[in-house]
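Each of the two complexes below includes chain A, the first together with chain B, the second together with chain C.
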Partner chain A sequence: MRNFLRQAYYNYRGLFIWLPWPSYITTVVFGPAFTIIMFALVGRFALGPDVVRPYVLGLVAQYIPFIISASILQCFVLERRFAILSIVYSSRGNREVIFFSRQLFHIPNGFVVVAAGLFFSWLLLDLDFNQVNWIALVLTVLVISLSSCACAAFLGNFFIVFTDWILMYRTFAGVIIVLTGVIIPISSLPAPLAVFSQVLPLTHGLVAFRSTFDGAGVAAILPSLLQELIVGLGYTVLGLVGYHVSEIIAKRRGLVETAA
Partner chain B sequence: MGNLYALSGAFLQQWRNVRRTASYANFIIAGIPNVIILAWIANKSDNPVAITYIAVGASLMLVWTNAVFRMGWALSDERWGGLLDVSLVSRTPVIVTMLGKSLALCIFSLLTGAGAFILILIVSEHAIPIVDLPLAIVSLAITLFVMICAGFIFCPITVLVGEPSGLFATVMPFGVACSGFLYPIGILPAALQVIARGLPTSWAMESVIMATTGSGSTWEIVIRWVIALALAVVYLFITQLLFRLVERRVRVTAALTTF
Partner chain C sequence: MNDSQQWAVECEDLGRIYTSRNAFGKKRDTVALDGLSLTFPKGVVFGVLGPNGAGKTTLVRILSTLLTPTSGFARVAGFDIVRQSGEVRKHIGQVLGGDRGYYGRLSGRENLLYFAALNHMNPRQASRRVDEMLAKVGLTESQDILMERYSRGMKQRIHIARGLLMDPDILFLDEPTIGLDPFGAQELRQFIPEMASQGKTILLTTHYMFEADALCQTVAMINKGKLVAMGSPADIKRHFSNIIVIEVTVKEVLKGLVEDISKLEGVRRVDIGVDGVLHKLTVHTTVGIDIQEQIAEIAGRAGIENIISREPTLEEAYLNILK
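This part shows the complex of A and B:
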């Protein structure tokens, strides 16, 4: 356990390039806030005030996979770019421990970005918190964060193919915001895309996230949370397999220390 | 004349570079989801003014986000590429070289903006009737010009604040949210309205909408042009001061090609 925590800490400190406070504040606090304001006001102006609340809640929740995927993907890619991967691969360390340690300290970022988003939504958009079930909300954020971590770690395995983490992140972020019901309802999507949305992180969690603001308790949102967890579990299995496969490919093709 | 020569040279260099840059795909990929969402909102809306805002504003939003990010890092790129010392040794002020590069970046960004405009018109299934075409064209040109001026200021700022990674994650949505590209400034929260009025883009964008929808007289449009251009001049003046500060700092710290 100590080894796991130590690895998680050093990986987070060394490779999460948004960790210095000016970068952290701009990416985790103010950036999301302005994006939420922008889409909420477009919705209010074009479609009326009724859409503001679902839009705001959707946008706040979608920042969980946004931030977590960005931070985990950069850690995976930078590990190779900074030539640390050769040390990892030459070690006899448990690969499962290494894989999960890449995710641990990114989970709290999901809570920070939700707190910041909700604060600015309350301050500038008059978001109402009267009916919120806080326990259910915290649980929902945790579950979405876990599934987002699993999905991001799965995508991180593609570092041996895509050396540009920003491109990977933006593609993933674009899929999430369009296909998970953040603004465009899933019922409005073409059938194949609606099916695909069911295996994306956030889709099921978002239903629970919005319900907690209507006062829904843990029991009421449990089915959605379980679906979200199952999606996360699927990405975990795929991610672990992918981690082993990527190691084999990287060693065979000599991609370990290649500068990205 | 020499400065003009340097300006055109910097423009050409950046233009050739940006065409080759594979990372430009980043911006197209980053812009597509937002444009799809805005197009969907426009499709569901029965407010013609809102649809006009979204069609025009989404294009300008993409131009802004592409241009400001690249302009913001342009001076840092010089430093990282080991070219800043050459720029400082030459008799051309750094601001002239960087302006040439910024112009190239902005003009290239127009391509994505035009693509977004066409996509929104197709998806929203609405046409945009333009009430006063000449005024709309001039307003759009002024908007693009002041956008360059507003974005150019981040060129020296990025270096002066220590080039923090992720800086533009705030600057890009801030500029879109407060410039009134997608909605009237009047619906912003009061605190942000004050900030928005200090941006030349907000005044210029209002003139575009007034000319397009016919919601303002020629006099009202011209007033907005004047305010936008005056603010842009202020931004350029401040930018020039900041460039001098950068030059002084890099000469003192000798941080020309290293961190």
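This part shows the complex of A and C:
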């Protein structure tokens, strides 16, 4: 366990390029918060004050997979670019331990971005917390963070095809914002896309997230959380298999390192 | 002990082709290794020499289980590098060197602690081992400085510390002194006999002939992915290159002197150098053809100061073998 924690910690510190506090504050705290405020104000202007709350809650929740996917994907790509992957692949390291250690320290980023988004929404948009079930909310953020980590780690295996993590991240972010119910209700999507949305992270967790603000307790949101966890478990299995497969492919095709 | 276990490395018909495609999808194959076969026992320092693109780094990557061969097979410490790669990794360490292969935002010590954790070393043991390695490479006082601030030589020393961290039986050093200043390179070279005296097997790839000559018990020369010569440095100088070197020191290099010497039967190459105020002609001649007197006669026009015959250096042998 100590080795797992040590690997996770040093990998996070060594590769997460937003970790220095000025980058962290702007990218994980202020950036998302002010983007949420901006879109909420536009929505209020265009559609009236009634859309603000569900809109804001969706935007806040979407930043969990946004931030977590960006941070995990950059670590996968930079590990290869810095030639650390050569050392990992030629080590005795347990591949499952390495795979999970790439995710652990990114989980708290989900909490930070939600806290920042909700705080500024309360401050500038009068977001009402009177009915929030805090325990259920914290649990929901944790579950969405876990499923987002699993999905990002699955996507990270495609580093052997993509050398630019920003490309993967933007594609994933676009899918999330359109297909998980953040802005467009799932019921309004064409049938094939509505089915596809069921296997994306955040789709089920977002239902729970909004419900906690109406006072729903853990028991009430449990079905949604379980669905979100199952999605996360699916990506975990795919991600683990993908991690082994990507190692085999990278060694066969000579893709373990990129040019500096 | 079965046959495989006495050998550190065995390669048979090892091949590696890199396939790339251009913008129109047209495939292009690059042959990096072409039927390479070599074997060496445990406990030796084995050198691999060759020009750029010869396949040295490809060979090291295959033996380190970072690259899959496209044909042939190889065993390291008696284990197949493809089917038993996990077992191979328990016996090897590698020093790939260069300006990558570390976390720049972590200190030297933290990098080593990470690599120890990666290799499942017990945390308490890891702390002691990391202290030991930092002392060995002379970085105890700099251990808490971020690696992005280390000099090139310091980074290379961390690479060596990392390569030795798990006390491997077999160590792969891929051009470890490249890019280092003479002091740094000399310091690093001193590690090699020390590690060899501890019973480790070392495979060293290098461009520097004097390094291979001084440090390696056996040397393999490869070119375009093929083995062209293998043996002790003395064997290669004597038998593989098939040359004798005649050094002529003259007062001046007259016009036509080099051309006339080059035309003699058995002369393969003539190099001109400077020896103080005099000039030195280094003539590579084929073994068995005695032309020293003829060379002396021609060089006499320029005023001979000295003429000697000697065995080639490893570099001279290398140039003739790869010509």
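Just so we're on the same page, the second predicted complex is superposed on the first by the 259 of 260 C-alpha atoms of A that agree within 3 Å, B and C clash if a C-alpha of one lies under 4 Å from a C-alpha of the other, contacts with A are read in each partner's own complex, and residues count from 1 in each chain.
Here, a contact is a pair of C-beta atoms (placed from the backbone, for glycine too) under 8 Å apart; a residue touches a chain by one contact, two chains touch by 3 or more.
Since we're looking at a predicted model, the values are computed, not measured.
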(message) Just checking: does A:Ala115 make contact with chain B only, chain C only, both, or neither of them? Give me first, second, both or neither.
(response) neither
(request) Report for A:Ile107: first if it touches chain B alone, second if chain C alone, otherwise both or neither. (result) neither
(request) Determine, under the contact definition given at the top, whether A:Arg252 touches first (chain B), second (chain C), both, or neither. (result) second
(request) In the overlay, answer first, second, both or neither for which of chain B and chain C A:Ile87 touches. (result) second
(message) Just checking: does A:Asn11 make contact with chain B only, chain C only, both, or neither of them? Give me first, second, both or neither.
(response) second
(request) Go through the superposed model and pick first if A:Leu193 touches only chain B, second if only chain C, both, or neither. (result) neither
(request) Spell out the residues on chain C that touch chain A in their complex, using ranges where they run on. (result) 18-19, 61, 64-68, 86, 89-90, 92, 94, 96, 98-106, 110-111, 113-115, 117-121, 123, 162, 166
(request) Would you mind writing out the residues of chain A in touch with chain C in their complex? (result) 2-4, 6-7, 10-11, 13-15, 19, 82-84, 86-94, 98, 248, 251-254, 256-257, 260
(message) Under the definition above, what is the set of chain A residues touching chain B in their complex?
(response) 17-18, 20, 22-27, 30-31, 34-35, 37-39, 41-47, 124-125, 164, 166-167, 170-171, 173-175, 177-178, 183-184, 188
(message) Please output the residues of chain B touching chain A within their complex, sorted ascending.
(response) 22-23, 25-26, 29-30, 32-34, 36-38, 40-42, 44-45, 47, 50-51, 53-54, 161-162, 164-174, 176-178, 182-184, 187-189, 191-192
